[in-house]
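All remarks here apply to the structure that follows.
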Amino acid sequence: MKIAFIGLGNMGGPMALNLHKAGFSVEAFDISMATCEALRAQGLSIADSATAAAAAAEVVVSMLPAGQHVERLYMAEGGLLGVIKPGALIVDCSTIDADTSRRLAEAAEKVGIEAIDAPVSGGTGGAIAGTLTFIVGGKAAALERARPLLEKMGANIFHAGDAGAGQTAKICNNMLLGILMIGTSEAMALGVANGLDPTVLAEIMRRSSGGNWALEKYNPLPGVMENAPASKNYAGGFGVDLMLKDLGLAQENVRAVKAVTPFGALAHSLYAAHSLGGNGALDFSSIIRMMQKPE
Amino acid sequence: MKIAFIGLGNMGGPMALNLHKAGFSVEAFDISMATCEALRAQGLSIADSATAAAAAAEVVVSMLPAGQHVERLYMAEGGLLGVIKPGALIVDCSTIDADTSRRLAEAAEKVGIEAIDAPVSGGTGGAIAGTLTFIVGGKAAALERARPLLEKMGANIFHAGDAGAGQTAKICNNMLLGILMIGTSEAMALGVANGLDPTVLAEIMRRSSGGNWALEKYNPLPGVMENAPASKNYAGGFGVDLMLKDLGLAQENVRAVKAVTPFGALAHSLYAAHSLGGNGALDFSSIIRMMQKPE
Amino acid sequence: MKIAFIGLGNMGGPMALNLHKAGFSVEAFDISMATCEALRAQGLSIADSATAAAAAAEVVVSMLPAGQHVERLYMAEGGLLGVIKPGALIVDCSTIDADTSRRLAEAAEKVGIEAIDAPVSGGTGGAIAGTLTFIVGGKAAALERARPLLEKMGANIFHAGDAGAGQTAKICNNMLLGILMIGTSEAMALGVANGLDPTVLAEIMRRSSGGNWALEKYNPLPGVMENAPASKNYAGGFGVDLMLKDLGLAQENVRAVKAVTPFGALAHSLYAAHSLGGNGALDFSSIIRMMQKPE
Amino acid sequence: MKIAFIGLGNMGGPMALNLHKAGFSVEAFDISMATCEALRAQGLSIADSATAAAAAAEVVVSMLPAGQHVERLYMAEGGLLGVIKPGALIVDCSTIDADTSRRLAEAAEKVGIEAIDAPVSGGTGGAIAGTLTFIVGGKAAALERARPLLEKMGANIFHAGDAGAGQTAKICNNMLLGILMIGTSEAMALGVANGLDPTVLAEIMRRSSGGNWALEKYNPLPGVMENAPASKNYAGGFGVDLMLKDLGLAQENVRAVKAVTPFGALAHSLYAAHSLGGNGALDFSSIIRMMQKPE
């Protein structure tokens, strides 16, 4: 199967390589020449342009930073919707607003192309290891067409609903994740301030009604979990600024549908303050520093 | 072993019965005569007073509503510390402030009595079924003395640390639980407002980084989990006013140790508003109604 | 001076009438025919279309609900920027995002037209009485050209800065107003819950460091100020949904400039919950009901 | 008139001196000998003990840090209620919980002494200048007896209601002040992030519906007001830790009366974080630093 892969950053690069290694015929492109050259050196075939990559493809995969980039790549004048062959499939893995995903699906349908939104979670580690989680919006049949590719890049594939639903479900999940991380940080810091042993407290809450993913996999307090970013000076992992972006997308959606999310809104504010304080590149579990005396 | 059990409410009553059924010699007491009579009818031996129950006991178990009741029962003039035999053990299962628990342990030690704080979670269902979780503060040896009793009333026993640590760990856990429930409610309501299928969204988040106890056991949206209070008009379960009490204890502690808990503080406010609006007796997962249009 | 006035709703209608009464030659238009007829009956000259009204005008005043309407009226294909005479002045009184205001000013400048953003505060009462406050963004010279008109519609005119600055300053002010109203509501309700006389408390805080516009002009508790919306069942005044819109614009801007506004974000959430609960049409001071037992 | 003055700290010291300078016969005492010596050097008559000072007094004025100190001074065994002459008047100027104030008034009444709570605002500057604001709880007649003294120490005297009402009204006011300051900081920082001139924005909001005491007297942004603490590196003024104490008293009361104060609760959390970050001794307007990039 001929695949075009557009957007070869920290996530897209390893994802494209995984497809290539799995034996798919991949033509890749990124607007950064340096990025293209680095991946060419790892064996990836690089096209001259997004258009050149997409023209012959049966599936076009894209991984871009924001809705405006997706808009420009596909829907603007001279965009790929005028280039991709009817009958082909678009798999957009970017995390963007659901509205843009829905408009892409509709515009694609008009020219005989199927499009699904398939945002991922799992970070750069998951992208390299091929263990990402895909949360997919679009027709079930289109997801089945994409499944053989997705399985080479990820370990979990969820079908959230129609076009845009992948974005919405991801944003709901990540808003909840931001809230869990702040709540877990508060509870851990409160226990420690009272003299509790953090490892004991973490274990008690993990196995009780406070149990959540952060206590399971990603304790925010240094030393509690050897492999968590907290124990590595908050390096690696999922950055504060990426969490801030997702919380911002959630709030944009909150206003559009007139939802009520006091904790989601406050989480956005606290991460914004944390980022403004110079911590944007740290792992998002570093929010616990807001609850601790500086060393 | 001779046990005195003081405080026979919705939690204490079934706990005392479980000890009785397990073959312990239990002398019980409650200030409500009606409560005493109801339990006598179920076979429990009722003493004439707390003093009468405690005088001969090797272990005194208590389950009272607030710190002031524990203070009065044990430490006031004429309190049980002047009655209980040296060498006996106090197991206070009340959820109260850690400071009172610490003062009880110290005062007891002075008269040759050991005392542990052993607040529970698991609700009235867990009290009846004998599947409570005990979070214990006090000396390890004292916990071992209590273990045979605790195992007849509960399924999980955690040792959180020294005297008072049981209270602190429970309050950390329950503050986090309140936060999880509000965050999960926001995420579920946001997804539904976007047209997602709630069962699909719940399953995606449960298995992703938003995973937490509320999604696992206690989804706040009616219809997602057949046996959750949400699907029974928010009857049963853990009441709004009990969650409010625990969040209040947490905030009292926050001020004492100068901790920082923006979400814990806001959770207290939101539950206070929910209670003021007339929902104090509903299950605490009903907080999702704040995020939904009234029917 | 020939004036075109586009958008004749609850605010625009009385504003246009005030210009007419002051002797300006006004050609007005609204997309609602009923609205046009009602104002024609009050003596306003109604044009056949926005284009017809604007073609001959020296000043075009507009009062529209949202940024997309301003975009469409002026900047879309066939929009007024292709119709209005070079040298004319646009005074857009709509409360919209600053970005649209800036783009309008730039696009207008390219075709030789000056444009200022002049959002108002003061409500429908102020629009009728001609006592609005204008917060203007744009060149000082352009503001001076507009001043004779603005003075017939309002009592205060502020120059906030360059194009878009009127919108930004208004949004800062209204975000602060939402915060003041919630804070004042909390303080009043807390005092009353403690048995204080609300009028005495209001007077003490008004004259102390808690003093603010809400205590001065607009106490949220019924009975404290005879003429405040609170004393009229929260009728009239500035509606919950309008406050919610402005708080939403503020949060949109917050994300764009990466600002930190925990109270602004939470105010948006609380007003959203209040609106979802069915109070969208009440005056915004009704937020105090969230802090009171329902009657 | 013979006055005993107990508690001669940063506030009490200058207050006692003002009474002395006004010609009252003042016997003063503080548990710090150094403090006593410093004031003796300024002409104040120092007693050997609180008891010695109070025994002959017609009015006992006290200015202590917390409720427990007031409790100990007056109500504990050997406390002043057993020393002060029947018919005398207690004027407690400490900012403490209303409950302690009410208990003091009741206990005093039983031994024929009148007591009023008269917490102050206005800071050390106001204490020195004699321009404090007194917010008084207690009987009107008792306030009239105290008025001649209060007028030598302050410029404004409010009667909030019965015993304890002074404390409650002050706590309501100061909670609102904390909220105003955070809200004003957010609005100022948001405007500046958008490129507005801070002085222009401050003036617009001050004269519009965002108007409040912070904009009037105490702008949190350096450079906007020459004499505000913000323009003096946040030195002087009302410290972060004092605001934190008052917000904590408010939250204690909130729980006691089951009130709903989301902003009051969050203000407490934000000031707690600010203090934990090492800013406890700065003026409370420094909270704006949480909304700004560090220099």
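A few remarks follow.
In order of appearance the chains are A, B, C and D, and numbering begins at 1 in each one.
In the analysis below, a contact is a pair of C-beta atoms (placed from the backbone, for glycine too) under 8 Å apart; a residue touches a chain by one contact, two chains touch by 3 or more.
Quick caveat: nothing in here was measured; it's all calculated off a predicted structure.
The chains touching subunit A as well as subunit D are B, C. More C-beta pairs touch across one of B-C and A-B than the other; that pair is A-B.
Among the other chains, the CA centroid farthest from that of subunit B is the one of C. Centre-to-centre separation between subunit A and subunit B, using Cα means, comes to 39 Å.
Subunit B and subunit C have centres, each the mean of its CA atoms, that are 51 Å apart. Multi-chain contact residues of subunit B (touching two or more other chains): 254, 258-262, 266, 270, 273, 276, 290-291. Subunit A contributes residues 248, 251-252, 254-255, 258-262, 265-266, 268-270, 272-273, 275-276 to its touches with subunit C in the complex.
By the touch rule above, subunit A contacts subunit B in their complex via residues 98, 121, 133, 135, 156, 158-162, 164-165, 168-169, 171-177, 179-180, 182-184, 186-191, 193-197, 200-201, 203-205, 207-213, 216-217, 250, 253-254, 257-264, 266, 270, 290-291. Subunit B contributes residues 262, 266, 273, 276-278, 290-294 to its touches with subunit C in the complex.
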